[in-house]
Amino acid sequence: VTICKVTGTVVANQKVDRLDGASYFLVQEADPAGTPAGKMIVALDAVQAGEGDLVLVAQGSSCRQILSTREKAVDALIVGVIDLIDEDGELRYRCSS
Amino acid sequence: VTICKVTGTVVANQKVDRLDGASYFLVQEADPAGTPAGKMIVALDAVQAGEGDLVLVAQGSSCRQILSTREKAVDALIVGVIDLIDEDGELRYRCSS
Amino acid sequence: VTICKVTGTVVANQKVDRLDGASYFLVQEADPAGTPAGKMIVALDAVQAGEGDLVLVAQGSSCRQILSTREKAVDALIVGVIDLIDEDGELRYRCSS
Amino acid sequence: VTICKVTGTVVANQKVDRLDGASYFLVQEADPAGTPAGKMIVALDAVQAGEGDLVLVAQGSSCRQILSTREKAVDALIVGVIDLIDEDGELRYRCSS
Amino acid sequence: VTICKVTGTVVANQKVDRLDGASYFLVQEADPAGTPAGKMIVALDAVQAGEGDLVLVAQGSSCRQILSTREKAVDALIVGVIDLIDEDGELRYRCSS
């Protein structure tokens, strides 16, 4: 699971049938303070995340363990919205919303 | 899922039996504006993509979740053709075709 | 399996249902002497690890092989707390607790 | 799937039982012109490739989808010998044999 | 599968139950001449390898295809001890023991 920031959305109408209705978020790997500073990927959302949220993104076959993605061509999934990150005893990130 | 641009095709006649008939596209990782700027891989196509398209590429076991690739030796699959990418509230890419 | 140091915790209340109750640790890849020097990821804990511990982190589908994570959206799991690391015949790390 | 050049062979007599009889090729990631320019890995061969060939290499669980590798400890497999690569409308590679 | 050199051992008493009894080796990616020159990982041993050996390491779900690791939280496994590596027609490595 990596810490990522939701930075945008991706629209694709011509899709693999079984993914119809799915919405894709553009997310970028972020450091523990929430600053985007890494690779950009496209992830499906399983937790009603929104743009600007700091989220947990699972990758690989783990993404198909929930009901809505079972047996679908999904390799990146937002599995949580982060509230707090603590590193070396210090609060590094707190969700402002 | 990564954003990639379809940049070419790869022909291989001597193939694993079970992949006969499959066609391979050369794709390159791209940024949200659609500019190729990363790793090149070879992906099968599940959505009738064409050269020059900006596409969504799934990797790993997720590629075998659709009927045509089930139990085949596939590890990269084009699962969508991108129409729009929005980043930080700005339109970064719009499909011109 | 990679050598990682537990450096913090991540709290996410809005999570995929099936992961309710799970706690996430922030871990960073470390060298054989135990010095953090690499990528940061978020891992679930299977062995009662604590902050500051040097641990073994498994990734990918291997994380779902234990009872508590079976069929859950988990892709990084702490599977051991390291006591000793020996490299080229020399003791490089010994757990101090 | 990545484009790789077969650059050598690896002999290992002391092997996991179930892989007895398998032969390993040393392959290196190559660009679309066929020039080796990347990571070196060791792959099993499923298509009677030979040294000097430009090949398609599948990685991960996709490697176990063919009969001869099913349930074996294989994570890289040569699945095709490349005849032609076309990039941006230009022929970049043609197999000379 | 990657070429790695066995450089040390890792001891972890507090482990996931199902891995009790397993021993971990510290291995480092090596070039075809056997010189360690890459990433360090921790791998289980399936072939009675020893420190100093040049070995083949499989990663991912392929590691769970043998009896002793089936359904265990393992993501890196030593699957062979290398005797010879030949690259571009030249002997690059020969096991000295």
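To keep things simple, chains are lettered A, B, C, D and E as they appear, and every chain counts its residues starting from 1.
The definition used in the following text is that contacts are C-beta pairs under 8 Å (C-beta built on N, C-alpha and C of every residue); 3 or more make two chains touch, one makes a residue touch a chain.
Bear in mind the structure is a predicted one, so any value in this text is a computation, not a measurement.
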Give the chains in contact with both chain A and chain C, ordered by label.
none
How many degrees of rotation map chain B onto its copy chain C on CA atoms, rounded to the nearest 5?
145
How many Å are there between the centre of chain B and the centre of chain E, using C-alpha atoms for each centre?
33
Round to the nearest whole Å and give the separation of the Cα centres of chain D and chain E.
20
When you check chain C against every other chain, which residues touch at least two of them?
60-61, 63
Work through the pairs of chains, note which ones touch, and then classify the graph as line, ring, star, complete or other.
ring
Ring topology as an ordered chain list, initiated at chain A and continued via chain C
A, C, E, D, B
With touch defined as at the start, can you tell me which chain A residues reach chain B in the complex?
7-19, 24, 26, 40-44, 51, 60-61, 63-64, 71-76
Chain D touches which residues of chain E in the complex?
1-3, 31-32, 46-49, 56, 58-63, 65-66, 77, 79-89, 92
